[in-house]
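Next up: the structures, one after another.
Both complexes shown next keep chain A, but they swap its partner, so chain B is in the first and chain C is in the second.
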Partner chain A sequence: MVEPAAVETHYLDEIPLREGDRYAVRRTEAVRQFFRSGGFPTATLEDWRFSDLDGLGRTGYRRYSDSPALVPLQDEELPGWVSGFGRRVLLSEGRPLNAAEFQPGNGLDVRDLPPVPTAEEERDWGFVAPGAPPEGTEADLDAPLRNPLEMLNAGLFDCGFRVRVGQRADAGPILLYSLRRDVGHPAMLHPRSVIELAPGSRLTVIEAHDGDSATAGWTNPSTFCHLGEDAELRYVRVELETGNIAHTGRVTFHLARNARVRSTVLSLSGGRSRTDTTAILTAEGAEVDLDGLFLGVEQAKADQHTLAIHAARHTTSRQLFKNVLSDEASAVFDGTVVVAPGAIGTDATQANRNLLLSRKAVVHTRPRLEINADDVKCAHGAAIGRLDEDALFYLRSRGLGRMDSHEILVRGFAGEVVEKVPVESVRALAAAGLQRVRESRSFAA
Partner chain B sequence: MTPLLEICGLHVEVEGREILRGLDLEIPLGETHAVMGPNGSGKSTLAHVIAGREGYEITGGIIRYQGEDIAEMEPEERARKGVFLAFQYPVEIPGVNNTYFLKAAVNEIRKHRDQPELDAVDFLSLMKERVKLLDFDVDLIKRPVNEGFSGGEKKRNEILQMTVLEPTLGVLDETDSGLDIDALRIVAEGVNRMRSPERSFLVITHYQRLLDHIVPDRVHVLQDGRIVESGGRDLAHRLEAEGYTRPAAVPA
Partner chain C sequence: MPEQQRTLGAAEVEQLVEREYAYGFVTDIETERVPPGLSEDVIRLISEKKEEPQWLLDWRLKAYELWQGMTEPDWAKVSYPKINYDEISYYAAPKSAVKDGPQSLDDIDPELRRTYEKLGIPLVEQQRLAGIAVDAVFDSVSVATTFKEKLAELGVIFCSFSEAVKEHPELVRKYLGTVVPHTDNFFASLNSAVFSDGSFVYVPKGVRCPMELSTYFRINASETGQFERTLIIADEGSYVSYLEGCTAPMRDENQLHAAVVELVALEDARIKYSTVQNWYPGDKNGVGGIYNFVTKRGKCAGARSHISWTQVETGSAITWKYPSCILLGDDSIGEFYSVALTANRQQADTGTKMIHIGKNTKSTIISKGISAGHGQNTYRGQVKILPGAWNARNFSQCDSLLIGPDSGAHTVPYIDVANPEAQLEHEASTSRIGEDQLFYCRQRGIDPEEAVSLIVNGFARDVLSELPMEFAVEAQKLLGVSLEGAVG
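Showing the complex of A and B:
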């Protein structure tokens, strides 16, 4: 434990400094800014009401590099779906394993994120605001950078990837995989990744966070995706961490004219997680689908925050977040659509659907619209329900067993999100999550 | 020989209200019986009780299928033993593919009969054949169960499922409602093709129209939760001409 007064000093000491690092000042400033703006968010803050990160600061997490005698991951220790994945880059406790040997091809290049960005790189990496909003509109494009945990990542980041796709290249899928193991002390990871799609290019990225730990662990990744004109990104985020690991992650999409993002967040972790997904639609014709699925058993807790900023005319966003909650699992959906002044012709939908399989499961849902322009189409809604008794009887009357009938309905509910995931082995991870739901205590009880 | 279905003095309550009040009905193996009755007389309640729906409390009487008391039997057990209910209001199940669902059901029932499971290829060819016989839109079987189906398509899907699952007792609850005359004829042909000495049907309907096409061995009149009259196929015509006898006036 760290005394409240010593928390700031503790995290300043954890900044990974290298000799002659001209970026050290920026890192220190980011950490100081984090503490100036309130430090670790508490539940008294509106935006963090259900996120309960109070304990994070005082746990005194240290970087993995402090762990003595940490043996890097061996290939045999990789889960089958990872070793079988065509193109993949790996992190083991934040240590890069193979990106250095990545063979560029099909217009795709992947590198480890160096600890010190060049001056030109800073903006691309999301360390500073992406620039002024388009003419005729006003939008707050810095919102994702004001997330306190993003500030902390900007100060403490110690690993990550830089993915680039060249003009009109059609690349992917590529897997960015990070695994963490228990090293016996509370360890934290601050991965930072940047994905850049040049105009007209296409890419499928799977970003996965995996690991198990009995000792307290914390993963706090930031991912920035920049799409040029007409670029198309298929992004799938898989959260697999279990045990005593807290996950606080962010992904931000920045879209130029006619760029398109389809994003899916699969929360399959057994612990606590909060994920903030932000899409900034900066030019006409930009279009984004934000999907999410949480399969919660036991005391798992997933907190999904979304923000779609329509900063330009004629942009589209569609959000679909689903939660399946068994046992004492709990979920939060806090989704916001912002239509900036002048962003006429915006088309935005937002849906949050929750399936409660247990009386003790809890969901908080808060869909929000902030519309500051005329001539827009916005719809949102939230639903919380249990399995349909009529449907269960219908299935059973055809000879399907009670458990199977429950499972079929749950799978049908989740399928709307899972079926859109473009990689078979990733869909199989969701299927394994559904199997855990079926085996959970409250299932069909 | 014991009848396939044997119901004696059956009393059933739904949410504390008595709906069936001493119902008697016997259907021998190989016969097709019709149950007719006005709206609200308890026809669907009877169908659901036979299929084993929860929430229907049997407060008296006996219900036997193949000589066995099934009052406590789970609905899936009944289905595996050959009971099939074509629903009056088939349920829409978003996200669950029709073909997938029916294949799972067929194999569950085959497992119970010690028959080998059908693989995807065998199942699809079976489906294709049955779909054609019922003049069913083949695209519908690729969609989620009943989702966005018209009333008539839902009813046809029920009969399609029945022809694939090949039950011993088929209970048809107002399958004719929502069908135009051509669809009615196709559905009736589908049922007639299945009639055999090894299989019985209970055809529940409000109108005799369906019984012109599925000609029953016997007709029963259900009123106020009881069978009040039974007879041959002519009874249906008489009911059509004269209407259901009004229930005895309740003394003021």
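Showing the complex of A and C:
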């Protein structure tokens, strides 16, 4: 543990400084800014009520690169679904494994993070806000950059990928996989990735965070996706970390005219996670679907924050977040739809549905709407309940056992999100998560 | 041509913005007031003027001490210049009313009586609407309570708060601060320290109060704050319906109204509390108006008790108000029905809290927000289901209607569930008055103003239908007046 007074110095010391890094000053400034604006958020802040990170700050995490115990990852250590994945780039404890030999094709190019981004790359790396809102509207486009953990990532990042798809290219699925192992000391990872889709291009990305650790671990990734006109992105985020790993991640989508994003966040981790998904619809015709599914067993805790900013006229957002909670699992959904002044023709929906399977499961939900234009269509809903007794009775009266009938209903509940995932092997991960729910202590108890 | 219609609409929203406040007159009456500023001495003075017992003064001072260390809440989606609490006069009373207090209704200053007549409050019993007993609060003191004798026959106590302190100290002492403690929040603590008057109701066991009880609040003196405190206790198996109305004169400076309302419903008791709030909202540029920062909370203490809040909020420059229910008793029920209308530069951040503690507790929330002009309307509500609240049920519906491109509607529900048997649904929608709806009405010869009023009243109907008849009529008229000349 680090003394509260020494936390700032600790993280300033952890800034990865490379020779000739023009970013040195900037990194230090980002970390300082983080501490100036309050440091590790605590539960006294409305936005972090259910994700108190004070303890995280004082754990004294160090970067992996300092770890002498690190041994190179062997291929056999990769889970089957990863080694079987067609195009993939891997990070092991933040070290790129194969990005260098990635063969560009189908208009797709993947590189690992350059040690020193060029001046032109600043915007691409997400350090600079996308600029002023479109004419006739007022929107706060900097909101995602004010996330405190984003500031910390901007100071400490030392790994990540840059994915680019050329104009009108149709690139198949690519997997960005990060695995971390226990190195015996509290270790942290701050990956920073940028996904860029040129106008008219299409891409499917699976971003997965995996690993197990008995020693305290912390993963704090930032991902920025920039979509050009008419571009289409299918984004799936899979959180698989278990054991004593805390995850605080962010993904931000910037959408140009007629761009389209379909995003799914699968929280399958066994520990604590907080994910902030932000979509900024900056031009007419932009459309985004934000889906999420959390399958919680034991003491798992998932805090899902979403923000859809309608910064231009005639944009659409749809959110669907579902939680299945067994044992002592707890879930938070905090979703906001912001319609900027002038953003008429906005169509926004937001739904959060929660299934409580245990008497100790807890859910907190905050579906918010902030609407500042009159000609809009916005609706949201939240529902919390347990399995429908009538449906259970129906199944059991047809000869299904108690476990099976429960499972069928839970599977159906989760299916609405899972079925939309475009990759079979990723759907199988969700199925494994459902299996863990079935095997949990409180299931059908 | 949608484009054309929008410009037309915007022009007519201008008209809407220019509505007049009908209750903006000032009554020229001599008032006794303490100089502006807050200190222990002021609190002692208020307490002394009201001839209060020591325990109440101590309670006030405790609250004041605490308040000094508190900070004004800033989480609500409202913005206003900082309030200087030293510029407010914490006690103002019409001189003639204070002297000895009216012995009978005939003793009331005729000027005061004329004021209440202007407001349409039937102070004089002969002119009353049958079946409503009224307690009227003018600035800081309660002026008159009608029908007292008739109610007394049934054992119902309905009087001003100061009178209750004198006549029924044991009841006041037993229940005061049990629902909204003096430590509760910034404005409630301030109220606890300086509250001047208010209404007190006690309905004994098994009594169904035969008439609607009503309080009318009016702020008359300038640079004063009004801090009334209402306490309603419904004993086992009783029923009471309580109405509250508010107005204030037009002034360019903002005036603070920080009231506290506490409701206690014992076993099988039922309290229905209705408010039509029409404080002065300020002019079209947002100058003046009342800051309405109110803490209202009911405790369903006994099994099968039932508390129902209905509010129509059309006035005030800023509304900050969350009438809540603590559902402690098993099988208790909490309800919240609200219409909040903001026009011009009005801002409202209002909603409710439903805290489910007992088994089989149920709550319903219906909130309708209407924003016009530059009005900002926020629904902020919490539904909390604690681990022991087996089989709890909640349904919430929050709809917003937007009139004009500069208006804003925000929905911020907080839902916390820690019991798997809870069943909970929250729904919200936002829309503006549809061109097709207006077209339909106009086609049938209804002029645009009337059409808007019709649509708004239809939108708010679920709530208006919960109001007692006389209030429903008033509320409907208020919504109509507020939207006069709206979108065409």
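One rule holds in what follows: the second predicted complex is superposed on the first by the 444 of 445 C-alpha atoms of A that agree within 3 Å, B and C clash if a C-alpha of one lies under 4 Å from a C-alpha of the other, contacts with A are read in each partner's own complex, and residues count from 1 in each chain.
The rule is simple: a residue touches a chain if its C-beta (ideal position, glycine included) is under 8 Å from a C-beta of that chain, and two chains touch if they have at least 3 such contacts.
Here the structure is a predicted model, which means the values were calculated and not measured.
Superposition of the two complexes onto chain A shows chain B and chain C fitting side by side, with no clash.
The larger set of touched chain A residues comes from C, when the choice is between chain B and chain C. With both structures placed on the common chain, the touch criterion links A:416 to chain B but leaves chain C unconnected. Of the two partner chains placed by the overlay, neither chain B nor chain C lies in contact with A:104. In the superposed model, A:379 lies in contact with chain C only, and not with chain B.
Of the two partner chains placed by superposition, only chain C is touched by A:342; chain B is not. Once chain A of one complex is fitted onto chain A of the other, the partner contacts of A:369 are limited to chain C, with no touch recorded for chain B. Per the superposed model, the minimal spacing between any CA atom of chain B and any CA atom of chain C is 15 Å. Taken together, the chain B residues at the contact with chain A in this complex read 51-54, 74-76, 78-80, 84-85, 87, 90-91, 93-96, 101-102, 104-105, 108-109, 112, 144-145, 161, 165.
Across the interface of their complex, chain C is touched by residues 46, 341-342, 344, 354, 356-386 of chain A. Across the complex, chain A is touched by residues 6, 75, 387, 400, 402-432 of chain C. Of all residues in chain A, only 388-391, 393-402, 404-405, 408-409, 411-416 touch chain B in the complex they form.
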